[in-house]
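Here subunit A shows up in two complexes: once beside subunit B, once beside subunit C.
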Partner chain A sequence: MTEPRLVHNPLLAWRAIEGEVVIISPEDSVVHELNATASFVWMQANGERTPEEIAVLLAAEYEVAPEEALADTRELVAHLEAKRLLLSSPAAEGSRHG
Partner chain B sequence: MAETPVMDRLIRRTVEQHLPLNVHFDLTYRCNERCVHCYLDHEDYGEVTTAEVKAVLDQLAAVGTLFLTFSGGEIFLRKDFFELLEYARQLHFDVSLKTNALLVTAERATRLRALGVRRIQISIYSADPVVHDAITKVRGSFERSLRAIRFLKTQGLQVKIACPLMKQNLTAFRSVQQLAEELGVPYILDLTITPKIDGDMTLLALRNTGHDLLPVLQDPVLNPRVKGGQEVMQSVPAVGSAVSSGLESSAYDDIPCSAGHNSCYISPYGDVYPCVQMPMPTGNLRQQRFEEVWYGSGEMRRVQSVRESQLPVCSTCSIRQYCERCPGLAQMEGGDLLGAYERACELAELNARLAGVEHPVSALHQQQRAAKFNGTFSAVLPGTGSIPGLVRIAPMRAT
Partner chain C sequence: MRPAVIPPQRRVREETGWAERRALRLPADRQLSIAIGQIPFTLHFSEDHLLDKAGQRYARFRCCDGKALPIFLGSDPSPLPDAIRFAYALDDASVRLGSDAAHFRGVRHEYALDSLIRVLLSVLLLPRRGFLLHAATVVREGRAYVFTGRSGAGKSTVASLSPPGSVLTDEISLLRFSEDAWHAHGTPFWGEFRAEGANRKVPVAGIYSLVQAPEDRVEQLSAKEALRALLPNILFFASSKPETEALLSVLSAAAEKVPVYRLYFRRHAGFWEVISA
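On to the complex of A and B.
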C-alpha cells in the first residue's frame, strides 16, 4: 500500500517569509512559525509527495543521513497533522477548494 | 490578534527587513450607504479590473504579504468579489474583510466560511435603528447589517463591530457595547473622524469635542487604566482605530506606526499610499509593479525614515505615552508628517488627566503658550530676548 501524499490544509493562510513559513489558522487565529528545516518540509508538501520522498529531498538539501532525515520528517509531519495543518491527500481531496 | 512571541518576531522581522506584511486593498469606492462621516468619493473613475487586481495579488504574495484586508466602499458591490477572494485564498493570504454587510446573505456567509476568511469587520453606529440608519442614510440598514452578523456568526466566522463615534451617535456607545455582548462579538469604538481623502476638512465638524468624549474616556470597562477599572475581556482595546490592523509589537516603539514600514494601502485606482489615513501618492500599480513602488518610491522612503525620537515637537512631550498621534492625520490636519496636531494633543491631555497626571500640557500647547507669552510680553517690553527669565522658554518651532 502506498503512503499518502501530504498536502496543506486549504483553510490555512501561510507565507514563506525570508525562508521561514508562518501559518495562521482562520478558525482560532493561532499563528504557527516553522524553522528553516520545517519550512523546507512544508514547501515540499504539495499533494504529490510522501513523507519518504520529502525526507530524501531534506537529506540532500541539508546533507544529513537519510534515516535521520526520515525520522525528523515523520516526527514533524505527525506534529503538523495533529494540529490539522497538514493533511494526507486522500482526506484532503474532498475539502480542497479553488 | 493578540500579541504573541511569534507575532512579535514576525512583526519585528518585517519592520527590520521592510517587508509589506500587511496590505489594505480598497477594491471599490462605490457604496450602497451614504454615511455622513465617510471620507471617500463614491463615484467610479475606473476601478482596477479583475485581471489587474489578480496581478497585484500575485505581486504581493511574491514579496511576502500575509495579511490582506479587502475593503471599500462596499466590497460586495464588485461583481467579481468572490472571484478575487477565491484567488487571494489560493495565494494563501490571511484575508479580513471590512463591509457594511447589507449584501451578505446566508449563502454568501457560507461561501466566506468555505473560502477561509478569517475576520469580518462591520460598521454599526448604534443599537438604535433610527440613529444607525440616519448615519448610513439607508432605511433598514441596521436590521440588514444585524441579520448579516447573525448569518456570519452561524457559520462560525469571526465578526467584529466597528463603531466610529461622531456627534450623531456619541451617546450610543453603551448600547453598541451591549449589542456586541449580546451578539458575542468584539467591538471597537473609534474616536477618529478623518478629513476626506481629497483633503476636504468639512467632516471634522462631526467630531465630538474632548469634553463631550469624557464619558467614553472615563468608562472603566473601555479604559482599564482608569482608576477602578477592570480588565477588558478582549484581545484588543475597545477604544482605538478601526483602520489599524490591531497587530501590536515593541518593534513599532520608535516608529510612528506600521505605515510604510510593513504595511500599506492600495486604492481602487491602483494608487499606493503608506496608509488610507496617509493619502500620500507613492506610485501606481497600473504603471509600476508593487515592489518598484514599495522599495523605490522616494515618498515611501521618507515615511520610513521617520523616528518617534526625532519628531521635533512630540519627542519632547511629557505626556507622549497618552497620545495616539497618527502621522497621516498630522500630515492632513497639520500639514506636517513630523508635526504635532491639535486633536491628538487635546485627547492626550484628557487621557493623561484621567490617568492622574496633574495639569498635563502637551509640548505643542506649551510652545503655543510660550509663543503667546513671548508675544504679549514683547509688546510690553521690546527686546525681551535679553531678559533672563525668558531665555528658558523653548524656542518656537513652526508646526
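On to the complex of A and C.
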C-alpha cells in the first residue's frame, strides 16, 4: 500500500528561526515549538513527499540507519498529525492510486 | 391624525445611522487626536464625560489630526460602511476596523477605551513593524531596557526600583522598528506603578525576560530562544493566518536584531549591576 504525501495544515502560521520551527494556530493562539528533528520533517512535508521519502532525507541529514530514521519519522508524523499540524494529502494520494 | 413633522436632518440620521453621523461630523470639541507609537488617530466621542476622562488620560499623547485614523465611539447598531478588516469583542465592548476608520462600541469608561485602543494598536502596529509587549521599560543613559514577563513576574518591582522619571512604562511596552533600529515608545498604558507614560521613543538596549531567583545574573538567549521568550508576553488579538504570519515575521526580526536575555533577579535594585556588567 502506498503512503500518502504529507502537507502542512493550511490554517496554520509558522516560521523557521535558526533551523527550528514555531507554529501558531491562529484560531486558538496555541503555539507549537518543534525541535530540530521535527523541524526537519516539517520542512520536508511539502505535499509531494511520503514519510518514507522524508525518512531517507532524515537518514542522510543526521547520518543514522535508514530503519531508525523511518521509525523516528513515522513516530514524529503520527505526533504532528495527531495535533493536526501535518495532514495527509488526499489529492496526491488519490492521483497515485489512479 | 397627522404624523409629527420630523426635521430633515434628524430623519436622515435615523435612517442611515452611524454612516450618516460620520458624514455630518461631530463637533470638533468632541474629538481628541492622539498618537501612540507614532500612530495617529482621532477619537470621535458621543459622550462628554468620556471625552473629559480620555483628555486627561492621554494628555501627553495629544497630537495633530492630519492623517489620523478616525475612531468613532458609540452604540449605534448600524454596520461599518466598508469591509471589516478586523473585529474583536472584549466583555461588553467591541472594536471593528474598516479600511479607513474604526468603530468602538460599548465603551462605558476610560478603562474600556484603553483596552480597545490596545487591541486596535496591536493590529495597526504589525505592518509598521511593531508590537505590544507585557513589559516595563526603563531608560538609562538614553537607552531603553525592556523587562518582560507575565503578571507577577516583577515588572512593577523593576519600575519601582528605578530612578524617578526613568520609567517609560511599567506594564505594556510598545516596540517598533524605525530608522534602522528598534525603539521603545512610551505608552499611556500603566499598571501598579501609576506612571503616566512619557511620549517619546528611545533606542532599545536589550529585552530582559524576568525570572525570580535567589541570585542576580543574566543569560543571553539565541534568536530562537528569544522568540520563544517573547511569544507568551505579546498582546495579540487577531485570529487570522495573515496577521499571525505577520506577527511571527515582526517578532523574528526583533529576536534576531535585539539582544534578548533571561534576567534572574532577587527583586531588589542589585539587578542593574549584572545588566551593566
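One rule holds in what follows: the second predicted complex is superposed on the first by the 89 of 98 C-alpha atoms of A that agree within 3 Å, B and C clash if a C-alpha of one lies under 4 Å from a C-alpha of the other, contacts with A are read in each partner's own complex, and residues count from 1 in each chain.
Here is the rule we go by: a contact is a pair of C-beta atoms (placed from the backbone, for glycine too) under 8 Å apart; a residue touches a chain by one contact, two chains touch by 3 or more.
This structure is a prediction, so every number in the text was calculated from the model and none was measured.
*Asks:* Overlay done on subunit A, so just call it for subunit B and subunit C: clash or fit.
*Replies:* clash
*Asks:* Between subunit B (first) and subunit C (second), which, if any, makes contact with A:E61: first, second, both or neither?
*Replies:* neither
*Asks:* Scan A:E81 for contacts with subunit B and subunit C and give back first, second, both or neither.
*Replies:* neither
*Asks:* Where does A:H32 make contact in the superposed view: on subunit B (first), on subunit C (second), on both, or on neither?
*Replies:* first
*Asks:* Contact-wise, after the overlay, does A:E52 reach subunit B, subunit C, both or neither (first, second, both, neither)?
*Replies:* Neither: A:E52 stays clear of subunit B and subunit C.
*Asks:* Going by the contact definition given at the top, which residues of subunit A touch subunit B in one complex and subunit C in the other?
*Replies:* Comparing the two interfaces on subunit A, one with subunit B and one with subunit C, the shared residues are 11-15, 17-18, 22, 24, 26-27, 29, 31, 33.
*Asks:* Using the touch definition from the top, list the residues of subunit A that touch subunit C in their complex.
*Replies:* So the residues of subunit A touching subunit C come out as 11-15, 17-20, 22, 24, 26-27, 29, 31, 33.
*Asks:* Using the touch definition from the top, list the residues of subunit B that touch subunit A in their complex.
*Replies:* 1-2, 4, 6-7, 9-10, 13-14, 17, 19, 21, 61, 64-66, 86, 89-90, 92-95, 114-119, 156, 158
*Asks:* Enumerate the contact residues on subunit C facing subunit A in the complex.
*Replies:* 222-224, 227-228, 231-232, 236, 238-241, 243-245, 247-249, 252, 255-256
*Asks:* Within the complex, which stretch of subunit A touches subunit B?
*Replies:* For this pair, the touching residues of subunit A are 10-18, 22, 24, 26-27, 29, 31-33, 97-98.
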